[in-house]
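A, B, C and D are the chain letters, set down in written order, and residue numbers restart from 1 in every chain.
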Amino acid sequence: MTTDLRVGVVGAGLMGADHIARITNRISGAVVSAVVEPDAGRAAAAAQNAPGSQAFSRIEDALAADAVDAVLIATPGKFHEPVLVPALEAGLPILCEKPLTPDSASSWQILQLEQRLDRPHIQVGFMRRFDAQYSALRQLIASGDEGELLMLRCAHRNPSVPESYTQEMLITDSVVHEFDVVPWLAGSPVKTVEVKYPRRNSLSPEHLREPILVIMELENGVLVDVEMNVSVQFGYQVATEAVFEQGIARIGQPAGLQQWHDGRFSIGEHVSFTTRFADAYDAQIQRWVNAVRAGTLVDGPNAWDGYLVALSCEAGVRALQGGVQSVDAAARPAFYA
Amino acid sequence: MTTDLRVGVVGAGLMGADHIARITNRISGAVVSAVVEPDAGRAAAAAQNAPGSQAFSRIEDALAADAVDAVLIATPGKFHEPVLVPALEAGLPILCEKPLTPDSASSWQILQLEQRLDRPHIQVGFMRRFDAQYSALRQLIASGDEGELLMLRCAHRNPSVPESYTQEMLITDSVVHEFDVVPWLAGSPVKTVEVKYPRRNSLSPEHLREPILVIMELENGVLVDVEMNVSVQFGYQVATEAVFEQGIARIGQPAGLQQWHDGRFSIGEHVSFTTRFADAYDAQIQRWVNAVRAGTLVDGPNAWDGYLVALSCEAGVRALQGGVQSVDAAARPAFYA
Amino acid sequence: MTTDLRVGVVGAGLMGADHIARITNRISGAVVSAVVEPDAGRAAAAAQNAPGSQAFSRIEDALAADAVDAVLIATPGKFHEPVLVPALEAGLPILCEKPLTPDSASSWQILQLEQRLDRPHIQVGFMRRFDAQYSALRQLIASGDEGELLMLRCAHRNPSVPESYTQEMLITDSVVHEFDVVPWLAGSPVKTVEVKYPRRNSLSPEHLREPILVIMELENGVLVDVEMNVSVQFGYQVATEAVFEQGIARIGQPAGLQQWHDGRFSIGEHVSFTTRFADAYDAQIQRWVNAVRAGTLVDGPNAWDGYLVALSCEAGVRALQGGVQSVDAAARPAFYA
Amino acid sequence: MTTDLRVGVVGAGLMGADHIARITNRISGAVVSAVVEPDAGRAAAAAQNAPGSQAFSRIEDALAADAVDAVLIATPGKFHEPVLVPALEAGLPILCEKPLTPDSASSWQILQLEQRLDRPHIQVGFMRRFDAQYSALRQLIASGDEGELLMLRCAHRNPSVPESYTQEMLITDSVVHEFDVVPWLAGSPVKTVEVKYPRRNSLSPEHLREPILVIMELENGVLVDVEMNVSVQFGYQVATEAVFEQGIARIGQPAGLQQWHDGRFSIGEHVSFTTRFADAYDAQIQRWVNAVRAGTLVDGPNAWDGYLVALSCEAGVRALQGGVQSVDAAARPAFYA
């Protein structure tokens, strides 16, 4: 393909607007040809960042107008299915923001539908896989240079969350990232999930009981503990310590400007995921565009990964109530091998 | 007291010999006046580092000879009680290497005996409390500057252990340190202990199943996870990440010589506890000597702390078999208030 | 401009090939429409990364064919002038790899030619200005938050150089970067240059006497010392310590994967400028493309900066022979204000 | 010697009081037996930290009373000679705070006097040689593991100085430390000294023009640049980057408590030399006491080193006025080989 890929972006909220600006300003080989957004104000604002794009209020109209070569879904998770279905039926490649769908049953339905095509068309937007540090850690694990991987000790820290953030979202909106990236790192799916409650942060919204410590066991025996923290005030940090047989590796450490001031030496830390994963978001979209233009369609987590994550989230939500919860996946179809 | 404190060191093995050299060469206000060691070879070797000291094969003989003002017990834990009893009966101040005794029942007996004296005479050798970094962390916690403490995430890593190291020793010889220092940091005793098993390190002695992840809940709700690792090859590291309401603090990071060489920047790390805690061992003995000379006798963990640690170890050993194990302490006597 | 910018890349050597791949694969809003390269082999190799591009052996032919909207010059410095002249005469925007030209006299001629146009058309490829860390440091200096800047202490370290690298190239090929970026950071041009010789590195090519310490005084009194080191073996590092009235800032520290292994903690360091400045090269081209499409043409160092750097290099080359050498620039034309 | 070394401390100002407390509380094998201090108030205050010590107003009286086995001189440099002379004549071992004497001529006289004894009796209090990091760096240099040493890049940063601090003291009170430790590290004496002036720190006392950059060439060709900064506000830092043929080493980096707070990750830095070099001061005195008790008398920089430093300081003071100033030492007597 020598002409630019025409991407239809569905949803022009925060995430959608960000993707529109990204494709327009920083991604090679693609243009935003359509913005699908029922809210007129959002649609108009988004159009300014996508010169030459057409506006639609429904995905079906964009498809009917033959306005797009590929679809990027950036609506909230509960609105994914009604876009995934017609896009799949139209045989278009899709990049779907996480989660694939809000539960494993509906994800399973999407898997069924996708398998009618010749090969996977859906990529799910777990951007951590495109972060340079996660990649380097995965490469180290795969190399065996430090012996086998034994444990992963993770921290996922946010400064604060809005009142609308619910207890379940600790799992479905936040730990969801670890549910994808940890099996990808360790080369093994999640087997069980458990939740422990530390002392509650009094600065959290009143209805939240957090931080939590999420403990996962993987099929290959690797043990993972994730400190999930959404009100830690200081800033944003996603860090992992990998415990090997012969050593330790660590990612997610501060790397900003270094300063000596007022009795302390300091290094700039992130305060939002937008800067922490800025390069990962760019790389994710660029590699997806390249894959679509090259005809391989997917270069990253696919719908099967999305289904597994949905199962892990369901186990995680049950684990919020106590107990060691199992993740029981169906057998992986050869289609996703 | 203007003359030097005459310390009788009981046990001239590795630890005892180390303390003898320390007192002789680096501690102000004390001399090793007696070495109590039945093994003639060890006794002779030790005497070289303690010019002017007398040799005894039994503590009772040293006491009878009025050769010591204070006793430092550096034998293995199972031999502590037969030294503690006569030393207490003689009314002498005692620094007893950890553990106080091998189990809570015998520790309780020691507590009873000690309470016949006018005040605590026993200090237990948990040297981490004398480490500058642990002290700084404790001060930060106490200050409230970062809000309340919520979690402690600990790593206790050794390069390797001899074949004689048993599974129980993961708790009684290694995690024993966290059982003392964690309540001291957090200002709250251990309530429950649980053990999780990651993938086994194939480089461990065959009879060991480790590393383990030890999870403690403290009375005040603080949650603690300790990665206990005794075959991690690379070196020795004892590190803690403290999760507060408003931020994070961390100790135990590498601080040796910094070098750029062969594609990497590196910082020298410890390979043994002897260098990691060298200053802490010195400070522990110096402060104990100062306290004894000043008549306060104890400046650090006392026999009550030793009893609590024995209880935690018993819970930890049970937890090796599974389950969440409670630590049920008797009420603290006013004597130890 | 809604259509892609058609860039003609002149020179398909290492640097040119790199830019061709960059524009084709990672830059938004631009395509390589022409490759100008007399060497047929190079031209053919380059064409594979620029689908749809035309091949020319001379810039004049590309201009005559109306094949380009803008010119990127990636030939060695001595070949810049014969491309700059016709491209300027054609009124095209130009990104010219450093140096502008090999000496200040020829640079001055280019300035005269460019001033016949309505405004600056030439940007010079000093990519450090597009590095996130340099930008953050510049912002800190400009903010005054640490008081006035007093000194810059720089290190510019390469693992090795080929036999063809000459003593003068220490200045003209290496320190040339500091001659641009230091005045940009400090907001003041170079006033004098001096060179000191440390002990010689025996691993350098025999005809080189290096490392050298280059000392610059800026017009505003800021003093700068640059360790210029081209055989330091371990890897590639470009670091700066900025000394302010109230504190210190530092950039260029290692930020790769962190590992504990074999008695040391290490952080991955760069071994080549290609990774150290990968993002800066991308940002430089993307911002230039954006500026050209927006009609502002230049977003970075311009030809006047290139002329000043040429003067500093000449002073630096004289300083290799000894003495404190002055940089005497002509008055800046209003055209470059 | 099995009894404690009786040390007479001369001068009970800040430094003297510190040494008195050190010997009394932390040094093994020594007691402060005499305090020589004409100021009655100071003498009384000091005596509280030296139980059992005698007070004298003149060194001669302490010597006549046979009250001391060794002398520690902690008065300002201009008062050293009148103590050194009688102490040497009495054949006592001496630890003399830096500088040996205020100038090379008087230092030379001391050398003559000392050579009447059987061997060196004077150690000069350059405590940096007893810092663990400096020692590790020296060991690395001596090992040759990184190839030859080529450059040392030093920073010597103080938060502020009193009004009484003079321009010359930049050299004689501050860089004096580098004049001792740099030749000790590099294994070669100072050959020339030069001073460069960066922009002046407006927060310095009005009569000071600083920071300064001091450039030294050593006899073996190693080049050294020292940023001497006495008003940098943020805290206290003494750091060195050693440039080798194959890599870089660095000491003096922050190693305090690590914290994430308010958008930054920070590490506690020193704010005074008293904490930065606390361990070095202790080690210096302990090793001196051990050497004296063992009969070797000196374990550290001797009077010859003190003479060389005096010469370097004189060159440095001349260099404050400009030019490259030579350090011309007499031939080293065999006595100091």
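Heads up, the rule we're going with is that a contact is a pair of C-beta atoms (placed from the backbone, for glycine too) under 8 Å apart; a residue touches a chain by one contact, two chains touch by 3 or more.
Just so you know, these numbers come straight off a predicted model, no measurement behind them.
> Sort out for me whether A-B or B-C is joined by the greater number of C-beta contact pairs.
Higher contact count goes to A-B.
> Repeat of A-C among A-D, B-D or C-D, where over half of the residue-numbered contact pairs coincide, is which pair?
B-D
> So what's the Cα centroid distance for chain A and chain B, whole Å?
Chain centroid spacing, chain A to chain B, equals 45 Å.
> Using mean CA coordinates as chain centres, what's the chain B-chain C distance in Å?
Chain centroid spacing, chain B to chain C, equals 58 Å.
> Identify all positions of chain C at which a residue touches two or more other chains, and write them in rising order.
Residue numbers touching two or more other chains: 233-234, 237, 246-248, 253, 260-262, 268.
> So in the complex, the part of chain C that touches chain D is made up of which residues?
Checking each residue of chain C against chain D gives 147-151, 153, 155, 157, 196-203, 211, 213, 215, 220-223, 225, 227, 229, 231-234, 237, 241, 243-248.
> Could you pull out which chain B residues touch chain C in their complex?
Of all residues in chain B, those touching chain C are 233-235, 237, 253-254, 260-269, 271.
> Which of the residues in chain A end up touching chain C in this complex?
2, 4, 23-29, 51-52, 133, 136-137, 140, 146, 246-251, 253, 255-262, 268, 279, 286, 290
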